[in-house]
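The letters A, B and C name the chains in turn, as written, and every chain counts its residues from 1.
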Amino acid sequence: MIILIAAQSLFNSDRLATFLISLIAILILLYTTYFQKRKKPFTIRKINGLKAVEDAIGRATEMARPLLYTPGWGGDIQRPTTIASMNILSFVAEKTSQYDCDLVFPTHDPVIMSVAQEVVKESYSRTGYPDRYKEHNITYVSSSQFGYAAAVDGIISRTKPASIFLLGTFEAESLILAETGNSINAIQIAGTDSTIQLSFFIVACDYTLIGEELFAASGYLSGNKSILASVQAQDIMKILIALFVIVAVIWATIESLNGGQLSYWWKF
Amino acid sequence: MQILPRHYVFLGLFLLIGITMALDISVDVKVSPYTKKMHAYIDSLPEGSTLIISFDHEASSLPEIRPIALAMLRHSFQKNFKLIGVSLYPEGTLIGYRLMKNIAKEYDKTYGDDFVYLGFRPQYIAAILAMGESIESTYPQDYLGNDYNSIPMLSNIQNYDDIEAVISIADGSLTTHWIEYGGQFNIKILGAVTAAMVTTYDPYLSSNQMTAMIGGLRGAAEYEKLLGMKGGGSRGMLAQSAAHLYIIFLVILGNIFYFRSRKKGGKS
Amino acid sequence: MNRQIPLIVCFSFGLVMFLQYFSNHTISRSVNLAILDYWQIIFAFTLIIGVVSFIKVNLTKISRRIDRPYLIVGLLGMISMPFMALIWGIKADSPFMWMFENVQAPMASTVFALLAFFVASASFRGFRARSLQASILLGAALIILLSRSNLPLPYTEHLSELADWIRNYPSMTARRAILIGIGLGSLTTSLRVILGIERTWLGGER
C-alpha cells in the first residue's frame, strides 16, 4: 500500500498515455538505429529540392558569386528544425569548401551563430580546406525579426548571391527574403516547419522542402545511416498513427450508425 | 514579372492603400463564427476572473496588433476582470504596458488592484513552463519594480491553477508555445493573432487545444462591432478590402498575360 | 573527451527533463523550476556572444572597407541604445524610448509592411493556371480573397461559407498531415540529440 501511494505521488497518471507513446517512439527509434540499419540499406524517395542542392552550389561557383544560407528568425538551437538545418549546412559547407565558393550565413541567434561556425569550420577541415573558412561570413545580425529581415535583405541586395538556401523556422520574414532573392534571380531552395510560410515559399522559391522533408534532407544528402534510420522510424510511427486514425474513424462511424453515444476512447 | 515591372505593382498598391486610408471610411463587416466564439467565451467568464494577457509581438506589427489588443483589453476591463500583463518578446514589453495603462485609465481601473504588468522574461518556453510552477518565482517583481507579494491582486495567484485563461496577442508562432507548453497545465488559451497566422492555429482550434481566436485587422473590426464601438479595425477595412481586390486584379492580369503568351507559343 | 562531456550533460538533462514531466512529486517540480530558471539565465548570457561577435565582425569588415556606411550605422545603433538606457533609463520620455518609438518601431513596421507589396508581386507572378492542380489552388485563393473583401456581392453569404469550408476541410486536413510529419521529425531529431546519435550541434561529426 505504501509503495502504491509512493508510486502515485511519483508518477502523474494523467500522463500515462504520453509516457507509453514516448516509450514506443524511443523503442522504434532504437530498433531502427541499432538493429535495422545493419540490414539492407534504406533509401529515401527522390526529393527534387535536394537533388538541386549540388546544382545550386555549382551555379554559385560558376558565377563566382557567394551562396547565402539562413535558418530563419523563428527558431533557436533547441528547435529540431534548426538542428536539421545545421545538418544540411554541414553538407553544403563541405561542397562550398571543395568548390572554393563563399558561404554567407546571417542569423538572428548568437547560439545558432556559434554552432554554425563550428559546423562550417569542421566541414572545411574535413574536406582538407581549413584555410578557406571565413569566420566573418557567419554572423549574428539582429534578434529583432524585421531587423534580421532587413539585414539579410541588405546582404542579398549587395552581395547578389547566385544561390539562396532558406532552411529552418521562418515567420513573416519568409516572403520578404524569398522575393528579394527572386528579384536578383538567385536560385532558391527553401524548407520550413512553419505551415503558413510554406505557401509563401512554394510561390516564391524554385524548390521547397515541405515539413518533414527538411528532417529527411540531411540523411538524404549525406547518406548517414543513423539519420536514415530515424527517417525509417518516423515512417513506422506514421503508419501506426494512420492505423490508429483509421480504426478510430471506423469505430466512431459504427457507434454513430448504431445511434449510441460516442465512447471517445481515442481521446485518452 | 517581365511583362509588368515589379515597381508598378508596388506603386499601384501604395497609392491604393494611401488613398483608402486617407478616406477614413469605416466599412461594416459581417461577424464570423470565430470572433463570435471568442466574444462569447470572454463574456461567459464571471466578473473578477483573473486573466493573463501576453503581449507576444514586436513593434513592427503594431498597426495590425494594436486594434486587436485594444479590443481584448476593453472587453476585459468592461467585464471587470483582473488582468496580469506579461510579454515574451522584449519589444512587446513597453507596448503592452502602455496599452494596458491607457485602457485601464478609460475604465478607472487601479494598478495593483485591477491590473498589474509583470513585464518580460527571456526564453519564452522556459517562461511559460516556469509560470505553470510558480508565477512569483518567474516574476519576483513586476515591471515597475514592486515586489510580487506587495501587489494586492496577486496575493492569491500562485500559478495557472488560479488563472481563468491566457490571451496571447501575437504576431508570430508564440501562441503555439502557449498551446503546447501552457496547455500541459490545463489552462485555456485564447489567441489574438495577425491575419497571416490565422490558419496556423486552425488545427489547434478544432481540437480545442485553443479555446477561441480572433485574427487580423478584420477580427479586430468584427470584435469592435460586437463591443459596439469604432476603432482601428473597422477603419482599416476599406484599405484591406481594396488591397484584396487589387491582388485579385493582379492574379487575373497575370493569367491573361500567361494565356496570351501561351497562345503565341512563347514562355511567360 | 571534449565531445564526451557535452554528450553526457545533454543526455543527463534530457533524461531529467523527460522524467520530471511525468511526475507530480515536489522534488521533481522544484528540479524543473530550478532548471527553467537556469535556462533563462544562460539565455541572457548568450546575448553577450552575439554582441561581441557583432562588434568584432563589423570592425573587421569596416577595416577591410566592406559595406562601410551600413556597418558604421549598425555599430552606432548597437552602442548608442544601451548607452542611452544606462544613462537616462528606459522610462517613458527617455531618449531610449524616443529612439524606440520614433526610429526602431517605424523602421521595423516599414520592413513588415513590405510583405504586402511582396504578396502582390508574388501573386501576380506565381498564381497561374498552369495545370489542373494550379487552377484549383487559384480558384480557392480567389474565393478566400473575395469572401474577405466586404464586397456587396449577390452571393456573399455563400462565398463566406465556401471560404470557411475550404479553410476547415481541405486546408486543415493538409495542415494536420504536415504537422504530424513535422511532429514526428521533431521527435526523432530530439531523441537522436538526447541519445547522442545526433552530434552536428557539437560542430560536426556527421
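Some points to look at:
Here is the rule we go by: contacts are C-beta pairs under 8 Å (C-beta built on N, C-alpha and C of every residue); 3 or more make two chains touch, one makes a residue touch a chain.
No experiment lies behind these values; they were computed from the predicted model shown.
Of all chains, the one whose mean C-alpha position sits at the greatest distance from that of chain A is B. Counting C-beta pairs in contact across B-C and across A-B shows that the higher total falls to B-C. Centroids built from CA atoms put chain C at 14 Å from chain A.
Averaging Cα coordinates per chain places chain B and chain C 17 Å apart.
A separation of 28 Å divides the Cα centre of chain A from that of chain B. Of all residues in chain B, those touching 2 or more other chains are 6, 58, 60-61, 91, 196, 199-200, listed in ascending order. Annotation for chain C: residues 21, 104, 108-109, 111-112, 115, 119, 121, 123, 125, 127, 175, 179 touch two or more other chains. Touching two or more other chains at once are residues 144-146, 172, 195 of chain A. Residue ranges on chain C touching chain B, taken from their complex, read 21, 29, 32-33, 36-37, 39-40, 43-44, 90, 92, 97, 100, 104-105, 108-109, 111-113, 115-117, 119-121, 123-125, 127-130, 138, 141-142, 145-146, 148-151, 156, 160, 164, 167-168, 171-172, 175-176, 179.
Across the interface of their complex, chain A is touched by residues 18, 21-25, 28, 46-51, 53-54, 57, 60-61, 67, 70, 74, 104, 107-109, 111-112, 114-115, 118-119, 121-123, 125-127, 175, 178-182, 184-193, 195, 197-198, 200-206 of chain C. Only residues 1, 4, 6, 9-10, 12-14, 17, 27-30, 32-33, 58-63, 91, 94, 98, 121-123, 126-127, 129-130, 133-134, 137, 184, 196, 199-200, 202-203, 206, 218, 237, 240-241, 243-248, 250-251, 253-255, 258-259, 268 of chain B touch chain C when the two sit together in their complex. Residues 6, 58, 60-61, 91, 171-173, 194, 196-197, 199-200 of chain B touch chain A in their complex. Note for the complex: chain A touches chain C at residues 9-12, 15, 18-19, 22, 25-26, 29-30, 33, 77, 79-81, 83-84, 86-87, 90-91, 109-111, 113-115, 117-119, 121-123, 126, 135-136, 139-141, 143-147, 149-151, 153-154, 158, 172, 175-176, 178-179, 182, 193, 195, 198, 200, 203-204, 210-212, 214-216, 218, 222, 224, 226-227, 230-231, 233-234, 237-238, 241.
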